[in-house]
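So that you can tell them apart, the chains are marked A, B, C, D, E and F in the order they are listed, and the count of residues begins at 1 in each.
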Amino acid sequence: MDKADRYERGLAKLKEIYGDRAQMLVAALGEVAPDLSRYVVEFGFGDIHCRPGLDLKSREIATVAALTALGTAAPQLRAHIHAALNVGCSQEEVVEVILQMALYAGFPATINGIQAAKEAFMERPAKK
Amino acid sequence: MDKADRYERGLAKLKEIYGDRAQMLVAALGEVAPDLSRYVVEFGFGDIHCRPGLDLKSREIATVAALTALGTAAPQLRAHIHAALNVGCSQEEVVEVILQMALYAGFPATINGIQAAKEAFMERPAKK
Amino acid sequence: MDKADRYERGLAKLKEIYGDRAQMLVAALGEVAPDLSRYVVEFGFGDIHCRPGLDLKSREIATVAALTALGTAAPQLRAHIHAALNVGCSQEEVVEVILQMALYAGFPATINGIQAAKEAFMERPAKK
Amino acid sequence: MDKADRYERGLAKLKEIYGDRAQMLVAALGEVAPDLSRYVVEFGFGDIHCRPGLDLKSREIATVAALTALGTAAPQLRAHIHAALNVGCSQEEVVEVILQMALYAGFPATINGIQAAKEAFMERPAKK
Amino acid sequence: MDKADRYERGLAKLKEIYGDRAQMLVAALGEVAPDLSRYVVEFGFGDIHCRPGLDLKSREIATVAALTALGTAAPQLRAHIHAALNVGCSQEEVVEVILQMALYAGFPATINGIQAAKEAFMERPAKK
Amino acid sequence: MDKADRYERGLAKLKEIYGDRAQMLVAALGEVAPDLSRYVVEFGFGDIHCRPGLDLKSREIATVAALTALGTAAPQLRAHIHAALNVGCSQEEVVEVILQMALYAGFPATINGIQAAKEAFMERPAKK
C-alpha cells in the first residue's frame, strides 16, 4: 500500500469514529507540526485502528482505560470518551471502564477520569 | 450485603476468572499482608469485577491496556493476560490491545507488553 | 461488619479528617458515578484510613508524598494537603514532605507540589 | 568550593540560559519555600548544569525530551523550551525532539508537548 | 557552609540511617559516576535529609510512600524500607504505608511494594 | 513513498545506528507480533529517525533522557545507550545526560539509568 493509501484509509477511519469533528482534529494537530497530524492519521488510524483482530469498540475501551490510568492526557481522554461513545459504548460502559481503573491506577486517576467523562457527556447532544 | 458476602462473592468471581489458580493467588498475596489479599478479593473482585454494566471480557481488555500503558506492573500484566484469555479473549485480541498501546504509551511499553504476552502464552497448555 | 457499618465508619473518618467539607466531597464525587463516591467512603476511609498500626498524621504524610511524586493528581494533592493540616501536620511539615520529593521524583514534581501547598495554605483561615 | 560559590555559579548559569527572566524564576520559586529556590539554583544550575562533558544545547534537548515524556510538568516544559531556544536550538529542533517522543511516550505526550511548544513560541518576540 | 562540610554532614546522616551499609551504598553508586555518589551524599543527605522541620521517621514514611506509588524504583524502595526500619518505624507501620498506596496508585503498585517489604524484612536479623 | 520504501529506509537507518545487531533486533521484536517489528522499522526508523531537522546524535540524547526519566523501559534504555554511543556520543556524554535526569525525574531514575549505562558499557569491546 502506498503512502497516499495509508493517509486516506486513516482519514476514513477517523471520520468513522469522530464524524464531522475528524477534520477539525486533524487541523488542530497540524498547526505547529503538520507531520504530527499526518502521523496520527497514517500510523494511528491508518495502521493501528484499521487492524483486524479487535473490534473498534474494544479498541476504544482499551484506550479509555489506558489514558485514565496514565493520568497525563486529559484532552486526549476526553476525545477518546467521545470516540468510545461514537463507536457503540454506552455511557454506562465508559463509566465502568474508568471505575475499573481504581484497582490498577488508584482513586485519583479514576476521579479525574470520571470528571473527564462528565465533561464529555455534557458536550454531547441530549439523549441517553 | 455483609462482609462475608463480599468476600465470598469476590472469591467466586476470582475462580470464574482464574480457575484453579485463584486460591494460589489469594495465598501468595496474603503472606506478608493478609488484609491486602482480603481487599483484593473483597474490593477488587467482590465490588468492582462483579459490577454489571460491562462484560468481563471488556473488563480484562481494559485491564491489559492499562497495565501495558503504565509499564510498572509486569507480574500483574502477565496474570491479567491469563485472565483475558480465560474469559474469552483470543490471543490475537490480547496482542491487538497491547499493540494499540503503541499510540498512547509508546513503543517500549508495547514491546514489554508483547514480551509479557509471549511469556503468558507459553505458560498455557498448547492449542490456540 | 456489614455494608452499612463500613459506609458509616468511613464517613465518620472523612468527617474527622475534613470536617464540614466531608459531605461536599462525597457529593462532588457522586455526581456522575455514585458508586465511586461510595467506594471512596467505604474502602478508602472505612477500610484503609481506619486501619490501626499507623497514626492518621503519618497516613497523610504518606499520601501527600505519593501524590506529589506521581504528579498526576493536582486536585487530590490539594485536598490531602488540607487533610494533613487538619490532622496535625504543621505547614512547615507539609512543605518538608514535598521538598523531600525532589530526591525521588525530581524538581518539577516538587515545584508543582509546593504550588499546590501555596494554594491550599491560602484557602485556609489566617493563622498558622 | 563553598556554598556562596555554588549559588553564585548557579545564578550565573541561570542568567546565561534565561537572561532577564532568571531573577523572576528564582523569586517565583522562593515564595513558599525559599530553600527550594536555593536548591534549584545551587544544585540544579550550580552543580548539574555547570558540569563539563555535555554542551548546554544537548542538556536542554535532554530536558525537553524528558519533560515531554513524563507529561507531568507542563509549566517546566514550557520554561525549558525557552531555555533550549535561548542556548541555540532552533524551533525546528525543539519540534523534532518532541516529535521523537511519540516513539517512547506515545502520541498524547507528543501532542501535549507540541502544544507547549506552540505556546512558548508565541511568547517570544517575532523573528525566526 | 563549605563543600566539605556538606559531604561530611551527608555522610554522617547516611550512617545514622544505614549504619554499616552506608559506606557500601556510597561505593556502589560511585562506580560508574563518582559525582552521582557525591550528589546523593551532599544534596540528598547533607541538604535534604538534614533539614529541620520534619523528623527522620516521617521522612522515611514519605519516601516509602513515594517509591511505592511511582513503581519504578524497586531497589531504592527496598533500601528505604530498611531505612524506615532503622530510624524507628515498625514493620507494621511500613506495611501500613504501602497498603495505603492502594488508594492512590492502585493494587499492582501496592502488591509490588509489599513484595519489596517482604524481601527487606527477610534480609534483616531475626526479631520483629 | 510507498510502503516498501518506508521499510527499506527504516531498516537502513536501523543498520546505520545498530550495525550488525539491527537484524537481530528486528527478528526479536517480530516473534510474537510480526507487525510490531514492522511498525518499529517503518514508523520508528523510516519515519521518525529519518526526519531532517535534528542530527542523529541529538535524537539519541533525547531518547536516553526520556527512557531514563520514564524508568519503565530498562531493556530499551540499554539498547539506546548503545545507539547513542554508535552515533557519536562519548560514554561521558551518555553519563551526563543520565545525571541531568536527577533534576527532572529524581535520583532513583538516575541511579537506575547509570546502572543501565554501566551494563551497556561493559557489553562493548574495550576502549573508550
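Just so we're on the same page, contacts are C-beta pairs under 8 Å (C-beta built on N, C-alpha and C of every residue); 3 or more make two chains touch, one makes a residue touch a chain.
As the structure is a computational prediction, the values presented were derived from the model and not from experiment.
Listed by label, the chains touching chain E and chain F alike are A, B, C, D. Of all residue numbers seen at the chain C-chain D contact, under half occur in both copies; the interface is built from largely non-matching residues. Comparing mean CA positions across the assembly, the chain most remote from chain D is B.
Ranked by how far their CA centres sit from the centre of chain F, the chains are topped by C. Once the centre of each chain is set as its mean CA position, chain A and chain B turn out to be 23 Å apart. Chain B and chain F have Cα centroids separated by 31 Å. Mean C-alpha position of chain C lies 40 Å from that of chain F. Looking at chain B, one finds that residues 35, 39, 43-44, 51, 67, 70, 72-73, 76, 95, 99, 101-105, 107-109 touch two or more other chains.
Interchain contacts join each chain to each other chain, per the touch definition above.
By the touch criterion given at the top, residues 69, 101-109 of chain E touch chain A in their complex.
Contact residues on chain E toward chain D in their complex (touch as defined above): 1-3, 6, 35, 39, 43, 47, 51. Taken in their complex, chain A has these residues touching chain D: 29, 31-33, 35-36, 39-40, 44, 67, 70, 72-73, 75-76. Residue ranges on chain D touching chain F, taken from their complex, read 43-44, 48, 51, 53-54, 58-59, 61-70, 73, 76, 90, 92-93, 95-97, 99-105. Partner chain C is touched in their complex by these residues of chain A: 70-72, 95, 98-99, 102, 107-112, 114-115, 117-118, 121.
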